[in-house]
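Some notes on the structure that comes next.
For clarity, chains are labelled A, B, C and D in written order, and residue numbers in each chain start from 1.
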Amino acid sequence: MTDVHPREVLIASIARLLDGVRHVAVGASSPIPAAGAMLLRALKKRAGAPPVRISILGSVEHNFFTNGSAELFDCAGQGRVDAFFLGGGQIDGQANINLVGIGDYPASAPRWPGSFGSAYLYFVVPRVILFREEHSPRVFVEKVDFISAPGTSEAGVHRTGGPVALLTGKALFSFDKSRPGFTLESLHPGHDLNEVREATGFAFRHADQPGQTELPDPATLVLLRGQIMDELSETYPEFANQMRREVCA
Amino acid sequence: MDLRGMASRVEAGMQLALPVDYAGVSMAMTRALIDHGAGDLDLFCVPTGGLQVDQLVGAGLVRSVETSAVSLGEAGGAPRFNQAVGEGRIALRDATCPAIHAGLMAAQKGNPFQPLRGIIGSDILRFRPDWRVIDNPFADGGDPIVLIPAVRPDIALFHAPMADRQGNVWIGRRRELAAMAYAAEQTLVTVERIVDENLLGSEMSAAGTLPALYVSEIAVAPRGAWPYGLWGEYPTDTAEILRYAKAARTAEGFAEYMAGLPGNRSRELAR
Amino acid sequence: MDLRGMASRVEAGMQLALPVDYAGVSMAMTRALIDHGAGDLDLFCVPTGGLQVDQLVGAGLVRSVETSAVSLGEAGGAPRFNQAVGEGRIALRDATCPAIHAGLMAAQKGNPFQPLRGIIGSDILRFRPDWRVIDNPFADGGDPIVLIPAVRPDIALFHAPMADRQGNVWIGRRRELAAMAYAAEQTLVTVERIVDENLLGSEMSAAGTLPALYVSEIAVAPRGAWPYGLWGEYPTDTAEILRYAKAARTAEGFAEYMAGLPGNRSRELAR
Amino acid sequence: MTDVHPREVLIASIARLLDGVRHVAVGASSPIPAAGAMLLRALKKRAGAPPVRISILGSVEHNFFTNGSAELFDCAGQGRVDAFFLGGGQIDGQANINLVGIGDYPASAPRWPGSFGSAYLYFVVPRVILFREEHSPRVFVEKVDFISAPGTSEAGVHRTGGPVALLTGKALFSFDKSRPGFTLESLHPGHDLNEVREATGFAFRHADQPGQTELPDPATLVLLRGQIMDELSETYPEFANQMRREVCA
């Protein structure tokens, strides 16, 4: 068994963050969140725990919806989606996310694709995990240029969901909506606090000596490198092949 | 009906509802619309746009785009769209997916509006003066909620696997296509093929059928979603979309790409 | 799961959503519910009720009925229901069909309410203090419109042709069954048969499938809609409904009819 | 050819009242309205005019809807249903209809089935035809005991539809929403003004010498007795058989 691959750390972290969900939805082109969800599903099945349902959007094979592209949002509005992943071209210290672009809206340059369903799902999915591999000051900013979806809402605004964690290529943060703000929970292997502070454009709480992100144990690694990569390759064949190459190298 | 005749239904200044990448985009009609040339179009993406939006914008036919996102998926940003946005050449009405669906649902129900949770505190709302926030009348006070006005597109345009001779169209589980048709004044559909059996004749096929009542015109266009795929029929031609994404980085590259497309009429006439 | 086990999911005081005559009524469960005996039920008819409502009312299990109509169709009025109404023994929440659908749609969308045109000036509205009228915020003033609050039944109960081993249920084009399931906390489904193929495995069958995500329990009940028919399966047994209508004119006749039904447990135990 | 059957007069009247519609919806168990719509469709087809679409609710064979029982109402709300038929246990002089029952609601006795979709369709279908064969003072009352759906609405209430005519077993009335009230247009063969006045519990306008309801011409009768009864018998076999027996008797 080789060393743990950085992406395996991310996948295992996601599986831990999802612990307890019954139904997780994963956006299109999100292989790492999908792999994390699949890992949780496999671990729960092995443990004889209640099943975990995964909906992968835009996938023909894993499309468990039959009412068109509105169904995900209806399903979330009904409280039937326990967890979802959001990212952003910019994410700020209040967990506001920007999927629209840089500069003065509407003439954003660069213009990114757009907000998709974030302005709704961020409000109604109880466990939203912010996931962005690139951990740099251009992504993690003091204040986003455009709020696609706000991290918190005023009292009196109906909100049953929101961000619980931020996972990056360097570290794992939790989010406290009462402050609001992020707290560094752990650093991934090979990264240190100074590096993360420099790469983060907003202030966050942290311990003096932050711990290391928990690594997958050998049994979990076997599952991840075998069954999970097999499952993943149905939807993300290129990602799975790349992972396999890098893990075996 | 041929694609040219169908395109002639589209007049300058009309609002067109177009489906998301994977739901059945009538790419065949993109080329016919560009040949036809009716401009000042308002595009309404259900709920996001891609290649078709980028090409119509690139061809200069688009006045505004209402959408939750525009991208070429794995091929990255939509180059002609993004450049037009940066230069302020098209009006943008940024939305979020369920708000797009809500606008259609209001029209489907003959309602002036549809409520929608979320959105409050988003800059999307700040730039949508056409949306309203009211206090939920069923709460004891407070509880603001967004109301999305009905959207009644002039034309819904999409591609589907098959239609029958009665004008019924099989849309499978892509029910956003039905929502577009319910809401729109006219619905134009390209299909892979016409089948002889009545799609409403068996409960199995009827379940995925949009009745002829909602369909204005049907044209046959084999592989009409290409380079997008069509569920149950053929996969997306990712290489072709990547080729487009690269070419369309410049206006010249875009023009060259479009001129070289199969089905381009000027090219066909030149043969 | 057997019908008895399924019936035990129903607790006294719950709200049950039940489909219209022709959409797939789980008559098999009517008898199981009466054997089970949980009372004080609130029935929500989508959008009208018939034999099942009449029998549950006749058995004394019903506290209130929300509906657009209750009748036995060609067999005339619903005798046990009508008598209970005349005697003031059940609470009535009269509605109109699209208001029933609107209440479910609000729940489906996670909304507190759904607007609906019409109704203003009807006595239906006068007796529905739970409905609200607001001025359409998109009009220049005036333009009253009714808001129907979300209805989230504890249980949706219906009968369908088939389910697969993954728990998906084929509902064909009877999409009100999906609406009931989306809105309800639990969904109990009886089916004619279990099939081996995955109903989501082909686009053709997927188009008419309610995903397992929304289905709590499935029980096999061949001819489970009888004496109602089931689309694509068997016709309504009108003679039997007429026989019921005649018998149920009196409480004694009703009791005798119910005791003689196939599947009546007390009768089966007595054998 | 025998004399014109009273129901043939009704069917032909309905076809005339529907002239110009593109889409007419007919409720379940409404054979006479269905036959009238089918007659119009056949006449239009013969004349090479634009086709007439008929949706018969509750019929498996003539179910052109695929979105459940909500679709009729959505379709009407979209303005795609041009004509519909409503009846009522009571109908009053303001065209208010009562499908709920007699006496003090909610303890109505008798209780009728209920309002069905009337409280919506009456507002949004441009051409609603009130049809009730029984013409008696217990049906046509001064004021209904319960308004399932009002005949008219105050200014400012969104209303794109409403009653245009009332057809009974004795006569045909038009409805004027500005008064509001009914006007006797014609008497069916065998009925006179005094009889209709006695059978009607509300006041209505009428000419001193009301004309007779127009009878179907011989070519129309041939169509009605042949093709239309054949089409009708697919959905209403007993009604079609009875008509055939009575016409041939």
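Rule of thumb we're sticking to: contacts are C-beta pairs under 8 Å (C-beta built on N, C-alpha and C of every residue); 3 or more make two chains touch, one makes a residue touch a chain.
Quantities reported herein were computed from a predicted structural model and do not represent experimental measurements.
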Selected pair, greater C-beta contact count between A-B and B-D: A-B
Chain A-chain D separation of Cα centroids, rounded to whole Å: 60
Geometric centre distance via CA averages, chain C-chain A, whole Å: 40
Distance from the mean Cα position of chain B to that of chain A, given in whole angstrom: 29
Where chain C touches two or more other chains at once, by residue number: 105, 109-111, 116-117, 136, 143, 145, 173, 178, 206-209, 231
Residues of chain D engaged with two or more neighbouring chains: 63, 65-67, 73, 77, 124
Pairwise touch network: line, ring, star, complete, or other: other
Interchain contacts (touch definition) - all pairs: A-B, A-C, B-C, B-D, C-D
Complex contact set, residues of chain A against chain B: 28-29, 58, 60, 63, 65-70, 73, 77, 99-101, 105-124, 146-150, 153-154, 156-158
Chain C to chain B touching residues, read off their complex: 102, 105-106, 109-117, 132, 134, 136-139, 143, 145, 147, 149, 171-173, 202-209, 231-232
Interfacial residue positions of chain C with respect to chain D in the complex: 20-23, 46-48, 67-71, 73-74, 77-78, 81-82, 85-88, 91-92, 94-99, 101, 105, 116-125, 127, 136, 142-145, 173-179, 231
Chain D to chain B touching residues, read off their complex: 23, 53, 63-67, 73-80, 124
Touch list for chain B against partner chain D, complex: 107-111, 178, 182-183, 200, 206-214
